[in-house]
Structures are given as C-alpha cells and as structure tokens.
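Here it is, the structure in full.
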Amino acid sequence: MSLALLSSILIDGVAYAMILFMITVGLSMTMGLMRVVNLAHGAFAMLGGFLAATIPQRLGVPIWLGFVLAIVLVGLVALLFERILLRRFYRRDDLDQMLMTIGLMFVATAAVNLLFGSTVTSVALPELFNGTVDLGFRSIPRHRLIVMACGLVVVCILWLAVDKSSFGIRVRAAVDNAPIARAIGIDTTKIYAATFVMGAALAALGGIAGAELLPMEPTYASKYLVILLAVVAVGGNGNLFGSFFAALLLGIVETSMKYMVPQLASAAFFLTMIIVLLVRPQGLFGRHA
Amino acid sequence: MNAVSAPMTVTAPSRVRPWMQLRGELVLMLVGLLAFVLFPQDLGLLTNMATMSIFALSLSLVLGQAGIATLGQAALYGSGAYVAGWTALYLTADPIVGLLLGGLGGGVIALLSGAVMLRSTKLTLVMLTIAVAQLLLELANWARWLTGGDDGLAGFNIGPLLGIWEFNFLSYTGYFYALGALVLVYFLLRNLVESPFGLTARAIRQDPGRVQALGGRVYLHLLAVYTVGGIVAGLAGALTAQTSKVANLFMLDFTTSAGVVVMIVLGGTRRLSGAVLGTVAYMTIHHIASTLNPYHWLFFIGSMLIVVLIVLPEGLIGLVDRTVAYTKRPGRSGVAR
Amino acid sequence: MPKPTIELRFDDVTAGYGGLPVLEHLSFSVREGERLGLIGRNGAGKTTTLATAMGLADLMKGRIHFGGDDIGNASTYARSRAGLGYVPQSRDIFPSLTVEENLLSGLQGRSASVALPPIYALFPRLKERRRNGGTQLSGGEQQMLSVARALVGQPRILLLDEPLEGLAPMVREELMDAIVRMSDQLGVGCIIVEQHVDVVLEFSNNVIVLERGLAAYSGSAAVLSGEEALLNRTIGIQKC
Amino acid sequence: MTHRLQTHGLCHSFGGLAVTQNVTLSLPLGARTALIGPNGAGKTTLVNLLSGAMRPQSGDIQLDGRSIVQLPQYARVRNGIVRTFQISRLFKELTVADNVRVAVLQRHRASMQWWPSPARSARVREDVDETLGMLGLHPYANRVVGQLALGEQRLAEIALALAMKPQVLLLDEPGAGVPQGEGGRIMEAIGSLPKDLSVLLIEHDMDLVFRFASHIIVLVAGAVMVEGTPQEVAANEQVKQIYFGRDGHAQAHH
Amino acid sequence: DVIKVGVIAPMSGPFSAVGQTWEGATKAYQKLNGTTAGGHTIEVIYRDLPEINPAQAKALAQELIVKEGAQYIAGLYFTPDTLAVAALAQEAKVPVVIFNASTSSLLDKSDFLLRTSYTLPQMAVPVAKYALEKNVRNAVTLVSDFGPGLDAEKGFTTAFVSGGGKLLEAIRAPLKTTDFGPLMQRVKALKPDALYVFAPGGPATYAMVKAYNEAGLRAAGVRFLGTAETDEDQLRAIGPDLLGIETGMFYSATHNSPLNNAVIKALGEVAPKAIPTVQLANAYDGLHVIYHMVKATDGKRDGAKALVSAKGHSWESPRGPVKIDPASREFVQNVYMRVVEKDPSGRYVNREFRTFEMQPDYGRTQNASK
C-alpha cells in the first residue's frame, strides 16, 4: 500500500467518520441519557436538512441564519413531539418506544414527501464552505474540513454540558426511575423535554452538516437509520466518546474497503460491527450494565 | 380487600371441551373461509396476508414471548424464500418439499446466527440481528449467479399441490395452501407457547438471571426458541416465494424486518393471536389506504401506529379482549369500583 | 421569630391504584420534630400511605395538607421540593449512576461540597464506595444510600419505608440515633414504617396500626404497648 | 459429621476491593448455619460464588468432596445448590403459581417440553400446589406478582427456592421486608424443611438468627472472623463491637 | 364497452415522482388521442407499489385482472416485481407492457411481455461509440453494484474494448453507498480520459456527481459519460454540478419535435406537478402500444393475438421514431447524446447534439454472440 493511498484512506475515512459522528451524536445523547431508542432521529436530521435548504430561499435570509432557524424550528417540533407523545412512552418498554418513533418517522417521511417532493433536495452551503483545499498530493473539499471542526466542537461542548455537569446525572436518574426521581425533587418533565430537544437540535445540525454526503430526500430517515444505530451501538450505548471513536472505526473501515474492494464495503461495515459487538457487547466505551 | 379467597387447588387443569381448546384455530379457519367466500377476487392479497401472518407469528414467538429483541427477522424469512426457490429450480417442483426445506433453511440460519448472537441482549442484540441480516443481503447480492442478485431469483415452477391441485393465476390453490399452513403453524405455536417450553421462555423474558438461578440454561433455551422462530419464518418465506414465484433481496431487507415488527406490535406482542390480527389489520389498511390515496398512506399507518400505541398499549388484541370481557358480563361496567 | 410549624396532614384519605382503593378513610398528622410509626401486616397499606403522600399512588378521596397548602394535586417533585423526603421500601437506587451521583441527584440545588460531608460522616461506608455503581452495592449499603439520598435534600418531613431493612444491628442503631437526633435538634418530622414493633414503639411518639387499609389504632405509642390483644390481632405477635 | 459443601481459600475481588478473602468454611449435612456480618462484608458475594453466579478468582468449592468450582450455575442447581435473592427477583408479569411452576419445571428438567405428558404435568401441578401451601401462598396463587406488596413478594421469592427441593439452601436475608408477625411463616417453612437439608442463612435480624442457627459464622471485610455456636458468637467481644452494637447484644441473649 | 388497463406504479414512497409522471403521461396521451381505441373506451387504473415486493406485485396484478377485469397490465418499475407479474401473465395470458424495469433478459420470462423503456446496453453501446469518436483511449467504469449497473458496465465495456479502447478498471460501488469520494480518488489516480458511470437516480447520482466535481476530475479533464444521470428530475435537484456532463439516453424533455412539444404541453395541463422525464415517454408509448393492441383485437380478450399485432409495430413517439422488434419484442429507438446546459430561462436542460439511430437492445445481441 502506497503512502499516498494510505493517507488518502485516512483523510477520506476521517472526513466520512466526522459526518457520521455529527449525525449520530444527538442520537447517542438521547439514547445514552434518556435510553429512548429514537428511531425517528433521522427524521429530525431530515427535517433540519430540508428546512435549511428552503428557509434561506423562501425567507431571503443569509444561509447561516437559515441554518440557525432550521435548527431552532426542529427543536420546537421536537418539543411538541416530546410533550404530546413521547412522554407517554418513557415507562413503556423499548419496543413500544421504537415503534412509536417508527410511526413518527413514517409521518415525517410522508410530510416531507408532500412538502418538498420525492427527489433529492440540495442544501446550499454558505460561500465559506465551498471550494477545496489542496493538500499537495490531493485535494479535499473545504466543507468536510469544517464538518470535522464542527464535530470536535460539539464533543467538547457536550462533554462540558452533560458529562461534567449535574444535568446528565439528573437525566439519567429521571430515566432510571422517574417516580423516585420526582420523589427526590427532580422535575422530570423539564429534564426530559430539554434533553430531547437538545438531541433533536443536534440531529438537525448533523443533517445539515452531512447533507453533502447523505443527501436529503424523503426516505433519508429510514435509509440511514441502520448506519446511525450501528455507530451508537458500536460506540457503547450513548457514550459520547464512544460514538466518536465508533464513527472513526466504521468510517475508516468502510472507506478503506472502498479503495480496495468497493463491492464489499458495506459487508465490511457490518462485519466490523458484528465483531466489535461480539467482543465487547457493551460497545467500545460502554459501561457494563 | 386484598384477601382473594381462591380455591385450594388453583392450578387444577381447567376442564374445557376440545373445541374450546381449538378455539383460535377454528376461528382462524372460519375467518379464512369466510374471506374466501366474501372476497374471491382478492385472493392474491388474502394469500399474502396468510403468509405474512406466519412470518409475524415467528416474530411473536421470538420477540413477544421470549423477549429476543430483533430487527433482523427478515434474514430468516429471506433464507426460507431462497431455499424454496432453489428447491424448485434444482431439486423438485413439489411445493411441500420446498416448503419444508425452506423452513429448514430458516431454522439453520437461525441456529447458526443465534449461536453467536444470543449471548447479547438489548440494543446490542438488536444491532447484531440487523447486521446479520444486512450481511446476508450483501452476500446474496454478491452471489448473483446463485440468487439472481437484485433482479431476484425467478423462473422456477411450482408443481401441483399433492400432485393434484395446480397453482394457477386464480390462486385458489395458493390461498388454501397458505391458509392451511397458517392454521397448522398457529396450532403448533400456540401449543408451544402454552407448554412448559413457552412458560420458561416468558420467564426468561422477564428475568433471565433468575431462571439461571433456578438451574435454567437460558442461552440454550433462547437458541431453541430462536431456531423454532427461524423455522417458522423460513416457512413463511418459502410460501411467499412459492406463491409469488420470486425470491428477492428485499425479503432480507431491514424494511421487511421493521415492517413485521410494526405488524405484531399493532396486534399485540404478548399473544400469538395478536400477530395474526396485527398483520391482517396492517395489510388491510395498507390496501385500502393505498387505493384511496396512495400518496399519503404512510401518514395513515404512521399515525395509526402512534394512536394504537397510546390508546391500546396491548395492541389491537387488547381491544378484542376488552370487548369480549365486556360482553361476557352484561350489566357491569368495565372497571369494578 | 418562630417559623410556622410545618405539618403533613391526611384528612379522611382514600387512595389506591388503578381505581381500586387500598387505603380507606385515613386521617393523621405529623408535625416537625414529631415521629409517627406505621405498622401492620404485609399488604396492609403502609407503603401505599407514604406513596399517597408523595403523589405516587392515586388519591381518590380526602385531602392532604402540607405546610398549610393542599398538596393533593401537586406534582411529586413539587412535594419533594416543598420539603417531603422519601425513602422508598425497594430502595430504588438509580442503577446507571454511581454512589456519589445518586447522592448528587437528590441535591435540589445545594452545593455538593456543603451537602455531602455530613452525609458521608453518617455513612462512612458510602464514602469508601462512592465511585462504585449504585446497584453494585451490597443490600445494606443500598439501604444507606437510599436514606442518604433523601437526606441531602434537607427534608422537613421524612417518609421512611422500612429504612432499617437489611442493615446490620449496629448500623440500625446508628441510623435510628441519627434520625432521632435530626428530629429533636433540627425539628425534622418523620413517618417511619417498620416491621419491628419494638423499634417503632421505642422510637415514635404516635403510632398508627393499619389493618387492610383501615386504621385499627391511632394514638400514642406508649398506650399501644399495653394493648397486647390488639397487637396480636393486627400484627400477629406476642410481645415477649 | 459429613460435610456437604466446603470451601477452601476462596478469594474474590472487584477491581481493587477484596470482597472474599481466603474463606474456608463448611456446611455439614443437615446444617443450620447462619452467616452474619456488617453490611458489605461480602455475604451476598459468597452466595454468588457458591451458587455459581460468579466464579471465584481462586480457591475451591466442593460438594460431597467433589470439586464443583468449575461447574456452571445450572449444573450446581441440578446438584441441589439453590439460593434466594436478597432483593426479590421474580417474574413480575406471571402469577405466583406460574412463578413457582417455572421453578418446578426446572427441577423436573421439563422446561424444554413442548407436548407435556399428562402424568408429568400432574406431578408438576402437585409440586406447585405443595410449594404454595408451604408458604401459605394459595390465596395469592393467581395474582400477578408485580402487583403484590413487597412482603408478599418475599414469600414468593422463597417459594421459588423451595420448589427446587434443594439439598443445600442459601437464603439471603429471607426475612427482609417481612413483618415480625409474618416472619413466623418463613421460619415455619424453613423449620419444616427436611432434616438432611443443609441451610446457610444470611440475616441481620438476630431474632431469626438465634432462633434458627446451631452454628454461626461471622464474616467481616470478606474474611471469616469467628465461628462457633450461637452462645460463643454472642459472647464474643469483637463481634459485639463490630456488629451487634448495644441492642443487638441484648437480642443475642433472648 | 370499457377496457381497463391496470398500471402498477410507485405512487407513494421514494419513487412517487415516477408514479406521478406515469399518471400524467397516460392522461396526456388520452387528452391528445382520445379515450377510445377502435371504438372501445380505455380506462386506466393505478395501483400503488412503492417498493420492491414481488408478492404484493403479484397480488395487485391478480386483483387488477380478476377483480377489475383489466385486459392489460402496465407500469412496473422494478425488475423483481416484474418477474412475479411475468409468471402470472404467462398463466393468465394477459399482455403486460413494462414502463420501466430494464433488465436485459426480462422479456424472455414470458411471451406476453412488452417494454417501452430501454435496456442499459442499448444506451451504453452508443455512449461507448461516442467516446471512441471523441478519441477517448482509456476509460474507467464506475457503476452501482446491481443489475442495471452491471448491464451498463458490460454494454459499455464490450463496445469500448472492441472499438479499440482500453478499460483501465471496472469499479462497482455498493448500491446504498453515498460516499463516492474515495472511489473518485481512485479514478483520479488511474488518470483515464473518460469515466463511464451508472447509478440509480436520487441520492446515489447526486453524491456521485458531487464527488466527481469535488475530487477535481472535471478540472483534470476526465470526461463524465453517463446514461440516466441527467434525467430531468436530477437536473432540478442537482443543477449546477451537472453542467457540461454528457449522457446518452433515448429521450429528453427538450427533444424538439412537434409531437414532443404537444405532449409536454399536455402534461403541463393535466398534471402540472409531474416532471417530464424519460418516464413520460415510457408511459406515453406504453399506452400507445396498448391502444394499438386494443384496436388489433377489437377489444377482445385475446392476449396472444394482441402480442402478435404488437410485434413489428412502429410509430412516431415523443422521443422520435420507435419500433417493436418482431423477434425479441424489444424496443428499437434512437439514442441521443446530450449535454447539460442552462437554457435562456435559467433552467438546466439536456441538449441533444448527436443521434444514434434506431438502436437495438445490444444486451440480447451480445448475449447471443457469446
């Protein structure tokens, strides 16, 4: 293997991995903290992407502002969803939660199909994101570099906001045993809503950031679901850093197969996942139950 | 108020008459015949309902009873379909042989994959089942010469059932073949669920560690359940392949697995009859909704799923139970005060 | 300036689960600094009484007052914030949190550096094991943690559901001493559910004996000690 | 006196915490032994090691002189070593009778049966009835366990163990959560166990311990500190200091 | 009397745009040609089949034939579904006109199948010829790893190599992949004169084209040769990235003929939302064949006779002259080389600049020659 090939694999792999990570980090958070298997996560990402694609056009605002508005809107939708529907499901078993969110995914798919049509919608990026950066032996699209940076920033922020504050503790307490959590003075309602909205907003951010690679279309939500779940599971259910490294591992494996035996790239992705989960059922960084 | 005075031998066998014991099977058979009489022109749909019901039953056993979390049941279903297709192509056109070999195929895949997966639980298990199904799909796509790749495996012929009844495009034979298989599978699975085997499976779902402390071999038990589930899913796949004369990659797809989960949850996971009910309801709604307004049928099914989960946590079968309970005690309101 | 005394009062309360009453026509009150014992057979409704106070069981009839407010419809967390502390019978340690995180979860806005040291002083065992997973603790340690978690919230009235269960005799004594100290010195009121009648009689000012959801006795602990027939009927013990 | 269950130099630790330190003890045939010690002394862990739920890091466990330390849990249960759980672990969605039936089926090795033979299921039924009767659980037989009061669940927990007809019974705080009055029922049930059954009882309720045990082992910080007759243990100053406290001391003299 | 034509189409789900266009096309056809054929009223009814599901396809076809009394089945987007319907058609002797499914060998599965779309070799061979004309010596193929992709790869390669070109590498991407960056880097390293691609529409094409540009292949002067990548719906979605890309296909909305202009106009009236893609021509011609068969059989249910009448039939289609090959029943049609440009009104369009006339299905002839 030549050095150029190796570094190409690394560069493309890491770039792909960061996009995977950006899209999964919100899911990783809701699953890790709330332990809700939110199969509609992709739907929030999709909604974010579609809104980001349309808002700047329709409202004539700058693209970056459109992105912010899109993320805020997704947060609002998530809030409504959490308050009206999801909250009824915290005490139900995983399966019901999964099914509920599948239901939401169906509805979202139908809605997006209706509002935006069934074809690919491209998310226009701010000028800053366009163009490529020359690395000498090859070039790399600038937006991938930005997404990488974004990913790192998000890890740090979340690490401070969740792992390092008592917020994470209270969310996990609320999820472990809501009645008892309330009985020791935790306002579970607020905690749930805040966490879920945060997860959804991150999903939207991920959807927008990754739209170049995972293009926006109505089946987006279900199409990439398996990949999202794979990253979260391999990372260790809901562990931030776990997701980060899982995305790196899976991204690099798939990318290197693309350079070598592209036909088997998907197979390699799933094989890696099986091997990791068999060796470490709790995922790379997961805590033992 | 809590001093429930119960008879001394609470566990005495209930003396029910045989037809009461076979109630589920009889109802199923009658409904099947009635459907045939009422909708003779929709036999294609009805046949699919029967085969999908069998598929749903396999999942109901695995997930509803034993609590094996899976989103990869399609792996077993698809395997059955391909085996049935190969049987017809290379071995014999006899449908029964193909059906049984299909079941065997599903069972073998379940046994092999279960052997590696079933020590895991929860999300890990879900992901493993998904991954195994995806891997099989990639494999089948890669082995085009054997499976026809994404075009599907077709061009096989199915001989007459028992050498007498031809499968023709009116699909009378196909329908009764599928219905018969459904009733038989339902009967066998119901007995399985009510047996010690089934009781232990339910206990494992609730607390595997406790069963282990009672000397149970949880892993083996789950493997047995999963294998039986694989056989049943394989049968369903084989039936589908035989009646539609195509086996294809989509039968191994994640969407297929997820779809059947939706069906059993809609019907109710805790009871086998829920699986059949859910399948029939889902497919009927799909059929009607997509005829009325194909563009938006996902809206229907998505919102219906949510509503059912909220209003009827036990699934549609819960509605049936409540109705039965209500009619059985006239003059009494549902809630004792 | 004397603070108004805080009181938890049940007025003719009927409560239960899912429409079925478990407790009927229960009335009592506990003030700050007072200790009320609750005894009765299995399934008599002791846990249900505490759960009703916390809003974890359905209040069907009657009123519950706390600190002058009718809290019958208040949310559970609001009751906790208002000063009701709860130690559930099944301990209910949060399994995904460590020992210390379990304690932090009950802080209610206080600073950890102020709240934790006295707790660790009371239960040195917890300090040793504070990085462990909450449910990795031994049974007795979990019991300590459950009590400690309620204490970090500085409740005014503490509801204790069999807090001594699974504790070694010496730890029991220490815990009971601590609770008595708390109620005497800090004026914390307590309702304690206990299986050991002697402990209850020794510890509490007043006692309620529950029999199938009804109060078979309600009054001073001293008087009850004499009522051997009653104790025998309702609890099934001969005092020795 | 024949020794049914013996351990030799059993050691186990969680990370850096040595929870079982060189424990050597034996349960003779028909033993009525109590295991006491402060919270976190390693009593439950010892039960986990004996029952096979955990593997010791070193040391040996023997049943009737044969080493069973390599045997998995199910094999040990089949050899008659059965334990209960300090915090009830029951099948919450099943009725009490079905909970017991799950256990009985394991004992009959009939859990894999699809078509039960009538004779066999009749035997299972009898055993279920018998077990329910032992703990007075008949009134609750058809109630779903998840809806019982915790004390009632304790009885079911013990019923599950008794249904296994064990030869060595490891009871982890069976009295926890059972009111004094009701405690009698558990004592009765344990008392009516066959004489050749060996029982190891973990309890913090000294009433129960002194009524039941003919031999007491005191475990402190994972190691056996003292063992002996109840009188010997009750008189031991060290035990008083570490474990009994002032009141427990009094209890010990009941 | 009424003669029913049952169309099985993806009306919902990811391919619902196809269903919309088909529906619009048949309406447009009826608007321009009337609702009767030889005095028989033709009624077109639609059934939704959003995703691959042969069992359901079969049930739908059966329902259409038995319950609705449909004399003709049409539509069918996916090959597996078509296979299931083919088996049924053979038993029921009902003519089936395939609007899309394009696997080469498909028509062998039943004597009652016709097809008004295309096969990939039919497009790929002219593209290869064009490449040779343009002095492309070295080429790389990059196709999605599925039936049509492999057909396209084979068609292109055979023609290209036999014409003296050199194939540097044949890359097959997993069907679901949307990260083509690495693959394009690989292409770049091979330094070919041209890259021939085939990907299913939607996300894969979108990502493939983006990656082509981002990897700097365009800048490096590697020609992008394709087939269906610049379909009108893709033009709308991807737009600027497609500029200058050359593809070989049998139809584009801008095809300048009076008939095509009339059809596009009619489509705009009957189905303003429908996009005039190749699916417009497919369904339009499909209905034409059915009208023809109805006339030939005088509305009688006689599948065999209908098929005989269709063989060798030729007519003027919105795409140009077309003919049903009497032997193979395949469609014979022009293939146009087109280039993506911005038209004066700012829309992206395919401009036809070179015509390969009356191309047969090379898949068959290639298979036969082997």
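First chain written, first letter: the chains are A, B, C, D and E, and each begins at residue 1.
In this section, a residue touches a chain if its C-beta (ideal position, glycine included) is under 8 Å from a C-beta of that chain, and two chains touch if they have at least 3 such contacts.
In this text, all values refer to a predicted model and were calculated from it rather than measured experimentally.
Enquirer: What chains touch subunit D and also subunit E?
Expert: A chain counts here if it touches both subunit D and subunit E, which gives B.
Enquirer: Relative to subunit A, which chain's C-alpha centre is the most remote?
Expert: D
Enquirer: Using the average of all C-alpha atoms in each chain as its centre, how far is it in Å between subunit A and subunit E?
Expert: About 36 Å, centre to centre.
Enquirer: Can you check how far apart subunit C and subunit D are, centre to centre, with Cα atoms defining each centre and the answer in Å?
Expert: 29
Enquirer: How many angstrom lie between the CA centroids of subunit A and subunit B, rounded to a whole number?
Expert: Their C-alpha centroids are separated by 32 Å.
Enquirer: Quick check: what residues of subunit D touch more than one other chain, meaning two or more?
Expert: In subunit D, no residue touches two or more other chains.
Enquirer: Which subunit A residues touch at least two other chains?
Expert: In subunit A, the residues touching two or more other chains are 110, 113, 263, 266, 289.
Enquirer: Give the residues of subunit E that touch two or more other chains, as numbers and ranges in rising order.
Expert: Within subunit E, residues 12-13, 16, 145, 174 contact more than one other chain.
Enquirer: If we count contacts the way the header does, which residues on subunit B are in touch with subunit E in the complex?
Expert: 41-45, 47-48, 51, 138, 141, 144, 149-152, 154-155, 168-171, 240, 243-246, 248-250, 255, 290-291, 294-298
Enquirer: Residues of subunit B touching subunit D in their complex?
Expert: Residue list for subunit B touching subunit D: 3-6, 8-13, 191-192, 195-197, 199-200, 202-203, 206-207, 209-217, 221, 224.
Enquirer: Within their complex, state which residues of subunit A touch subunit B.
Expert: Contacts found on subunit A: 31, 37, 85, 88-89, 92, 94-96, 98-100, 102-111, 113-114, 222, 225-226, 229-230, 232-234, 237, 263-264, 266-267, 270-271, 273-274, 277-278, 281-283, 289.
Enquirer: Going by the contact rule set out above, which residues of subunit E touch subunit A in the complex?
Expert: Contacts found on subunit E: 12-17, 145, 171-174, 176-179, 181-183, 185-186, 188, 202-203, 205-207, 210, 214-216, 233-234, 236-239.
Enquirer: Can you name the residues of subunit C that touch subunit A in the complex?
Expert: Contacts found on subunit C: 54-56, 75-77, 79-81, 85-86, 88, 92, 94-97, 101-102, 104-108, 133, 149-150, 153.
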